[in-house]
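So, here's a batch of structures to check.
Note that chain A is present in both complexes that follow, paired respectively with chain B and with chain C.
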Partner chain A sequence: MTIQPDALAIEMRSLTKSYGDTIAVNKLSVSIPKGSIFGLLGTNGAGKTTTFKCALGLARPSSGQVLFDGHPLQPQTFESLSYMPERPALYEWMTGAAHIEAARRDFSKFDTSRANELAALFSLNLRKRVGTLSKGQQSALGLTLAFAIHPQMLVLDEPSSGLDPVHQRHVLDLMIDAAAGGATVLFSSHQIGQVERAADHVAILHRGNLVLEGVVEDLKASEKIIEATFDSDAPRFAELDANPNVRRIMRQGRLLRAYIRGTGDGVVDTIRAQSPTSVRVLDQNLEDIFLVAVGEN
Partner chain B sequence: MPAIFTVDPHTGVPIYLQLIEQVKRSVALGVLSPGERLPTVKQLATDLTINPNTVARAYRDLERDGVIETSVGRGSFVSQNGAKDRAAAALTDVASSAVDAAVREAKSIGLRRSQVRELFSQALERWYSPDGDAKEHKNS
Partner chain C sequence: MYKEFLRVRNIFLAFAITVVAIALIVFAFSGHATVNIDTNAHAVHQGSGAAHSTDSVNVYAPGVEISNQDRVPFSVLLALAGFVAAIFGTVLGTCLAAENCGHLDIAWTRPASRVAYALRLMTIDALGILAIFAFTVGVSVALLYVEHWQKYLYPENTTWVFLVSFVAYALAWFGLVAALTASVRAKAGAIAGFSWVIAGALIVLSSLNLPPAIHTLVTLINYLNPLLYGSYSSGPEAARHLFNITPAFAISALFGITILGVGAALAQWRRLEA
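Now for the complex of A and B:
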């Protein structure tokens, strides 16, 4: 696999979508490098699905731009792009096998034997009509169709919703396999653990705003909690509030917690100057980082 | 290739650092021998269900540290020269920061120097024989 290190597969420039007075996505700018798995996290209504729709031309952005391989959407983009919406676009009255046959006729790159392998992986009964399949099995059929064209770009909206844990793991494995082969994956998920495993980049949306973005491993290395206890109620001091590396401060009785980015040395010194009885620096996993970013911790 | 490495993606410790430490440990302890082939990036990423770029990052750092060598088309191998020494030195650093963290923790909960010293002698007693060699510990 030869990937130019800085080449971008997808670039969103100040993407904005408003519906009347409601701003669903607000000036979103993200760069998705080729060969990466980019996880989009956010609470319900954060703007994830709207972002996908705007990116893929299914909704018209109010302003801003989305580029694929440096170009706005163009017919050839679709040749190597697979999009799976939250509810896959399937015909209820058709069987899984009929969907595969239709896709074979539709897409020159569609690989029928790969599709049958994937269907087996997801224990899908292809003879059943889609209308009789569970939500998870419908997702599995959507994924089967999405991966069977060997896409270079995958946009997956909640790809594993409704799937059991074994099949959820298969979805991650498929994304990892695709990325190892040079494909780029953009996906959203409510399951932070999946993003933590499979994604190298993450963006966190909250009420349409990008609140945190970065390389997952770098975020883990740089986002820390400093926890201090005091003889009496945790003091308030301006130096801490003013420190730009402090994201949030929590005080509860004798306990003080500062959520920080960076090594935290300066913050530790600031806190030590208040003569705490103990100070320690704690790591944060992606779930902790997410909850702090959306202000729900 | 047996899955000799394991990672926990849900801790605050970056996965690539976990991998680096495990490869170094395997080399230092002779689980991986000089010249032995490592799994490919793709293989390890799919075996552990982690991001391929994360594995590649660990391999790049291991290569920079002289523990492994990668040749295009052939894959990654444990270095023939000095990999074991370099890995062992790196593990001493790991042990050093673990001891440092333990002391820092003891200090942060308000233990006195003499108490911490006592805890260390107890631990040394438990894990080392009087002549200074590590014990063949049954429960380890």
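Now for the complex of A and C:
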């Protein structure tokens, strides 16, 4: 699906970041439509945080380009773009209230009453110094600051990190609410269930490479699991190994599980030819898709 | 910038509370207190006629015997304030290094360029240094008036030269430390502290009989040493003679160090990665 350039909030073109011989992000090209919630998935060290830092000018890309609303990053971009890093970069000696006051002075659209509402939502005591807050509370303060400028774009690196399940749910709701209001949300998370619930687009990074990208529903619809059981150990299928639609085959005793693209009709027929005791075609969830995508590498 | 305002305010308040507490203690025990003010400043007081290089003024509380009738130039207070402000200039000079310790993600995602952000930060720090300088002078004068010691002070024609010189001295330390620490993520405090030790060592080295090449190198480095230009005591004063430095040159050099230091700090900081 081609998206018109003016419908893109963020566009990364062949973004590459190397540290010496190590390539942290390799020619990453991603287009993030306006108003979407875009989840970036990957294992530890996949390059998610580096991607964010390069995109936001916090680290210098080795090559490539990132456009925000069709334009290269400018200082003024941050009037309408909020970033929340994985480790909240807050000042330990300042109180939450002082952070809010500092943000109010720096961002022309900062909404103090909104910030106070969000602080109440996260049960934050704004009179406490940041250094005395737990990691989850610090994340909550970071989120409060990020959402209180009514941004058009939000870049959130592990936004739920350290939060309890109740507040994690609040974060998802805030992201969905922001997107419903026209904002674009780019976020990373290790919690695939949350990504599945909130994101409409997803990209999977593995060792700096983009291994899968697409609309979540399309990916789920186009990816199936064929599960077959046999009387004895599951046989090997040379045809399946050669089939480009078969992403991965897993054998575990009598159980055979094939992760496939498309409906898998041909694959089912191939397996049935070996007289299994049962064959089931299951939809993949995002976790299955993620594990297969990462496993393929 | 509110963050930096709070940082400077907190440092200033801590200093002010300490100074006022000390002043109150001095006042409370003034019946027993003795203040010795050394006026080893012959080179810069030539022609003033009142102070000599070996003069010492022992000032006692009212009603107590005064052992030396000589008076003290007002510039002594400026030197004291300059020294105090320079120490705080050293502390505040680590402002960019403080951002490097895990705060760049928040500092660099403000709607301002890195240079503009850093310059605003440094402007607030510079104002803080000026405030500490003015406060030190003010408290010193107030204490002298309270203790009726003001009669031992006299103004000089060159007071404004000392004023500018010692303000520039504090700012030069700020600029120097900013340049030395702008790209470090840790140990900025140690670098700031050692900068005084190294500056002192360079002054000492400049007066030693070193091989010509090393002496030239030390001399050149010393031109960037604030200690060379702003000192008030006899040691560095000798160094001034050694380098044949006039007050105008000293002031220019101190402001030059400030500008160079800030420029070097900005050049390093804007190229860092979070």
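As a convention for this text, the second predicted complex is superposed on the first by the 287 of 297 C-alpha atoms of A that agree within 3 Å, B and C clash if a C-alpha of one lies under 4 Å from a C-alpha of the other, contacts with A are read in each partner's own complex, and residues count from 1 in each chain.
Assume contacts are C-beta pairs under 8 Å (C-beta built on N, C-alpha and C of every residue); 3 or more make two chains touch, one makes a residue touch a chain.
A quick note: this is a predicted structure, and the numbers were derived from the prediction, not measured.
With chain A as the common reference, chain B sits beside chain C without any clash. By the touch criterion stated above, A:S123 is placed in contact with neither chain B nor chain C.
In the superposed pair of complexes, A:L282 makes contact with chain B only, with no contact to chain C. Contact with chain C, but none with chain B, is seen for A:R60 once the two complexes are overlaid on the shared chain.
By the touch criterion defined above, A:L90 lies against chain C but remains apart from chain B after alignment on the C-alpha atoms of chain A.
Aligning the two complexes via chain A yields an angle of 150° at the C-alpha centre of chain A, spanning the centres of chain B and chain C, rounded to a multiple of 10.
By the touch criterion stated above, A:D106 is placed in contact with chain C alone, chain B being left untouched.
Once chain A of one complex is fitted onto chain A of the other, the partner contacts of A:S14 are absent, as it touches neither chain B nor chain C. Shared-chain residue A:P75: touches chain C; no touch with chain B. In the superposition on chain A, contact of A:T22 is made with neither chain B nor chain C.
When the two complexes are laid on top of each other via chain A, the two nearest Cα atoms from chain B and chain C are 27 angstrom apart.
Comparing the two interfaces of chain A, the one with chain B and the one with chain C have no residue in common.
Across the complex, chain B is touched by residues 35-37, 169, 172-173, 176-177, 179-181, 193, 196-200, 216-218, 220-221, 277-280, 282-288 of chain A.
Touching chain A in their complex are the following residues of chain B: 9-17, 41-42, 45-46, 49-54, 57, 104-105, 108-110. Of all the residues in chain C, the ones that touch chain A in their complex are 1-3, 6-7, 10, 102-113, 116, 273-274. For chain A in complex with chain C, the residues that touch the partner chain are 53, 56-60, 75-79, 81-83, 85, 87, 89-91, 93-94, 98, 101-102, 105-108.
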